[in-house]
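Chain IDs A, B, C and D follow the sequence of writing; residue 1 opens each chain.
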Amino acid sequence: MTCDMNYNEDQRQILDAANALLNTSYPLSRLQEEKPDDLTALAEFGAFALALPEERGGTGFTIVEEALVHGLLGRHLISSRALANPIAARLAARLGRHEIAEQVAAGTLSVCAAVPADDSLLLIDGAKATLGVVFGGRQVILIALEELPREGVPGLGHSVVLSRVRGPLSMIGECTDSSLLDTSDLLVTAQLLGIAEASRDMAVSYAKVREQFGRSIGSFQAIKHHCANMSVDAEALSALLDMAAIAVRDERGDAAFQVAALRLLAPRVAFANVRTCIQIHGGIGFSAEADAHHYLKQVHVLRQLLSGNTMLDLPAPLAPYTSINERN
Amino acid sequence: MTCDMNYNEDQRQILDAANALLNTSYPLSRLQEEKPDDLTALAEFGAFALALPEERGGTGFTIVEEALVHGLLGRHLISSRALANPIAARLAARLGRHEIAEQVAAGTLSVCAAVPADDSLLLIDGAKATLGVVFGGRQVILIALEELPREGVPGLGHSVVLSRVRGPLSMIGECTDSSLLDTSDLLVTAQLLGIAEASRDMAVSYAKVREQFGRSIGSFQAIKHHCANMSVDAEALSALLDMAAIAVRDERGDAAFQVAALRLLAPRVAFANVRTCIQIHGGIGFSAEADAHHYLKQVHVLRQLLSGNTMLDLPAPLAPYTSINERN
Amino acid sequence: MQLDFTQDDEAFRVSAREWLLANAPRKRGPLDGQSARAFAQAWLSQCHKDGWSGIGWPKEYGGRGLPTEKIILWYEEYVRARAPSVLDCTFVSLNHAGPTLIACGTDEQKAYHLRRILVGDSIWCQGFSEPGSGSDLASLTTTGLVDGDHLVVNGQKIWTSYADIADFQELLIRTEPGSKRHKGLSWVICDMKSEGITVRPIKNMAGATHFAQVFYDNVRIPLSNVVGMLHDGWRVAMTTLGFERKTAAMGLQLELSIKIEDLIALAECPPGSAIGKQLAELRAEAAALRAMTYRTLFKDPVTASDGSLMRLYFAELSQRIHRAAMDILGADALTDSTWTHDYLESYSETIAGGTAEIQRNIIAERILGLPREQPA
Amino acid sequence: MQLDFTQDDEAFRVSAREWLLANAPRKRGPLDGQSARAFAQAWLSQCHKDGWSGIGWPKEYGGRGLPTEKIILWYEEYVRARAPSVLDCTFVSLNHAGPTLIACGTDEQKAYHLRRILVGDSIWCQGFSEPGSGSDLASLTTTGLVDGDHLVVNGQKIWTSYADIADFQELLIRTEPGSKRHKGLSWVICDMKSEGITVRPIKNMAGATHFAQVFYDNVRIPLSNVVGMLHDGWRVAMTTLGFERKTAAMGLQLELSIKIEDLIALAECPPGSAIGKQLAELRAEAAALRAMTYRTLFKDPVTASDGSLMRLYFAELSQRIHRAAMDILGADALTDSTWTHDYLESYSETIAGGTAEIQRNIIAERILGLPREQPA
């Protein structure tokens, strides 16, 4: 078959392996400890070198498998450093800084994501990072952080870990090339999809066991329909992500269009699902004791890493041949 | 009591009387005949002279009671000529054309609503009207129609009755004064509220009697929650309408603000309720045999008669004394 | 995961495109009645003449037996060329009755009907819904009692599209007296010219009269018209679901991608404007629907609940697109036009074939495993 | 229908405004713990000193017995001056416990508690919800067994706001063994310093710790602390609903009008922009909420279902306003600030005090008369 939207055997294997690693080394329960994620196990697994050519230390997979793995990273609420890392590696390679690219891919240089806020930069979970990737609309910038003084900043709900840096930045280089931005957005939206699916699953599981009025709340149509809505949106987003990942991998003409669609849809779906997940959990969902709120906060983080909306600037892959006026 | 949001005795009486008239002379079942409404009975009731001073043939009520009555006209899907009429009367009076104003209020001159469409005017249910009120954004224009040739135009779903006129118009006068536009919008939104409430009531009644899966569909939570949503929105809109009507009557400083809020909210609520009403009715709701679709089409007509959005141009009646920066 | 079209596929795409641009009617056909029938038949006949009818049907039954890739390309080219809506009066025969006969019919039934369907000679309608069983199909009560070598049918059906112009009907009836729910039903071929059938057309809110109520008063149908086993009609009705959910829905789903492009062309969208934001979101959703459509095509088997996911997404997106059109049209929203007609028709999307509420129940119960609704 | 404020009303408004602008703290108080208690007590004590505590309470109990008009004006001025949130740790005592004691308490209970509440000397919390009965309050199982002239309480409560800093609790318990649903409950005053009480604070998703789980291990409460009749606690709990739904909610509801104005000031809204459209709609909804609030104030009686209508509209509007703020904030949405904190807190609006789903059930069943949910 020349077309097939199902996962192939290799894809199933890498997903199974990544899942096993994540369940062992990064269970959600770790979040209660409020410690920064140690990404060593992921780096050793090769998660940051997935799409690198094998001669550069990569595992020979493609952006498709990398996106699938990032879906799992989203599910497991892995620090956004795991996103900054593959973007930094690609950016460094484009800048001809291959020594940086290789160290980053191997996980020996710590990279964090950063976003501009007024006259400063907010580093996300970057207290100890040596490099930063600034996600600033339609460009990404690689900066050196080693010598910059960081000021701790209380983050959203006291659980997003932030620090602020000011003053002249030590810029390694920047990139405004759409293809890198599309790759970046693909990985970010893959994580958003992971969150959208995980919050659906968490809500459904809870709805099956939580009882009110003498029966499981999942037997109430309002809850059922909430869950159905979460499923439909996650399914649509997931199909779109697969389509976009294939298009990016194969450098198809519609790659930019598909990623633009993802960029709009993914944060919306992830937000809606996380909100519904919290609502279905009731009081416990609003507490810091359930994990639902961590998904919410991560969605807020991830959406800041998406580049700008280009949805109406791109030709559609499926457009009419004649204008509607010609037809009627 | 100096403040009271309940209807007083006079208001209850006029509503009861109008309701009795409408039930007798304008039952919804008349719509199956697809004939233009004869507004004589309403004119004789004084519906078009409600807010006129008594010395001019009015009944001495105010815009508040007029708005309440227009809520009932909306419920009964009375032709939009019943809206064009009181606006034409007010506009003629402002233009010093008192003879026109009096004939219109008495119902002896027929007036229709008109909206600009490209280089022509669409008359709504105006096949025999002698005057037209053009609702064109932030102005209303009174035109004479007698000598204009009209071309029949198929209307929305073949049930909105339209005709088109072209060429130079015989303009009697125009008005861009906000107070007249606010009065007009108040009556239009009152009709939209009437539709929002009527479609809620129609949906609830049907949900109680229609059975599927061995029980009334109103016992399913999805249907219940649809109905609850219709109620909440209609209740909010209704409270806002009362607030705005009082403000317009008493020439309060916040009248324009309240009407601006109505202008945004009323079509949205009416649409949502009518859509839900159709959905709850299932197949029969989609057919032309139930009345739900008439509500839908009337909402489309009424929204065209609303003047432009001014919501963010007006000061709020309840605004902070200090900016948030001063506070923190 | 791959979407690699071969050179052969691309050549097929070009031939489909060229044929469609040269042959597809330039104007929308009539909405209902005999003129709609004539228009649809002429178009299908023209398709058939050049080998474009039943492209997914097996070759042995007169189709072209094309693989999924080429069917995708056909429908993509079909909607891009603005060929007539797939949801015309040939929809049921091509996408539902035909495939059911192929799967469950006798040789005689196949021999008689399949070619007529492909050529456009016979028009079919569907007799499933009843006044008391809209969303609850299994509660249907129209009966067929065996009398010699015939079934004698009494009862009524409703929301039967094109009943007034159809030659045959796929009719689901309760043949086992006293049976409950899904049991004891049969799927039979009903000749619409049979004595005892009365068709009462019902006008819809868009002003078109393409559905009807059908009354059966001692209608005699030969037992040889039963498709599959007697009393086994539910299973027969379910066999085409996969086909229906894959191929048949494709044309409708892809058409939304065209509609949103038309809407973007129609609207003036300054960057950052409210309408621009809305259209961008709708365009993104149409892209997602297309991706879902393709994903489903390669899924095996496609379950009823997969269908519900896609159906629900499609229906609500279609309604949103059409509502946005009404906002963009301004005063023209009051006139009858292709946009306003389609807008009104779109209200049926969340009702026909199982309401949105039923689809959500199916998703919640069958995919997510939430507890079943408690019966009364 | 009229909204005519008298000269006397207007003079009152001016005096309220001047006092608030001169006295209301310029900064938001601490969120939780003893410092939040100290802040709230200092503010209430200041209000009381100048006659602004319990303005709606009857004069005989230390209030000012002001009519509805003046209470409206007070809350309007209160939110405009950005005085401290009414939903601090004095909310339950002023708006719930106090009015309940006024309506149902004994002379001794009133004499002991009411003045302490008005002055800010005693802080109350509410002990209604339990782990197994969140939205289903009537299923509560914490028991109080009569033992001589005491009740012996065992069980647990959850989502009790400010339990860690409260002096007293309004505690709803099952005092009639074996009773079901609303029957056999009692409303008692529980001294939070009683032996056998353990408070486990629970951090919420906004990082504040203002609610808690409370465990009762053979806690002895004098029978003289029962408010109303023994076993008649449900009725007692319901008496304050009217008050709560009228006056208490007003401050919160009107505060949204201020928040939307702040948001409009914060955002840059070019005409026709997507964000401008959204803010215009939110502003219109806030205006509608204000109108609903006023309407409800003049309604008599205010039923539970009136409360549900308003509660639901308020809750969802509040969440939409706060979500819009997050969009507008851009990268600042990642930092902890008044806006982001309030945004996270807003998630409780559709959960606390009966979820949005429960409110919709109440509206559908009690206002619209749709059939009751079938019990399991």
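The definition used in the following text is that a contact is a pair of C-beta atoms (placed from the backbone, for glycine too) under 8 Å apart; a residue touches a chain by one contact, two chains touch by 3 or more.
Here is each chain with its UniProt name: A, B = Acyl-CoA/acyl-ACP dehydrogenase; C, D = Acyl-CoA dehydrogenase family protein.
This is a predicted model, so every value here is computed, not measured.
Novice: Using the stated contact rule, I'd like to know whether A-D or A-C comes out ahead in C-beta pair count.
Specialist: When the contacts at A-D and A-C are counted, A-C has more.
Novice: Would you identify the chain whose Cα-based centre sits farthest away from the centre of chain A?
Specialist: Result for the farthest chain: B.
Novice: Cα centroid separation between chain B and chain C, in whole Å?
Specialist: Result: the chain centres lie 39 Å from each other.
Novice: Can you check how far apart chain C and chain D are, centre to centre, with Cα atoms defining each centre and the answer in Å?
Specialist: 53
Novice: Just give me the whole-number Å value for how far the CA centre of chain A lies from that of chain C.
Specialist: Between these chains, centre-to-centre, one finds 38 Å.
Novice: When you check chain C against every other chain, which residues touch at least two of them?
Specialist: 276, 357, 360, 373-374, 376
Novice: For chain A, which residues are shared contacts with two or more other chains?
Specialist: 215, 219-223, 225
Novice: Could you list, by residue number, the parts of chain A that touch chain B in their complex?
Specialist: 220-222, 225
Novice: List the residues on chain D that touch chain B in their complex, please.
Specialist: Its residues touching chain B are 1-6, 9, 17, 21, 26-28, 67-69, 72, 76, 79-82, 254, 257-258, 261-262, 264-266, 269, 271, 276, 279-281, 283-285, 287-292, 294-295, 297-299, 309, 312-313, 338, 357, 359-361, 363-365, 367-374.
Novice: Note which residues of chain B are touching chain C in the complex, please.
Specialist: Interface residues on chain B, with respect to chain C: 115-118, 122, 124, 153-160, 162, 211-215, 219-220, 222-223, 275, 278-279, 282-283, 285-289, 292-293, 296, 300-301, 304.
Novice: Give every residue of chain A touching chain C within the complex, in rising order.
Specialist: Those residues of chain A that touch chain C are 1-8, 11, 64, 204, 207-208, 215-216, 218-219, 221, 223-225, 227-229, 231-232, 235-237, 239-240, 242-247, 250, 252, 257-258, 260-262, 264-265, 268, 309, 311-312, 316, 318-324, 326-328.
Novice: In the complex, go through chain C and note every residue touching chain D.
Specialist: 270, 272-274, 276-278, 374, 376
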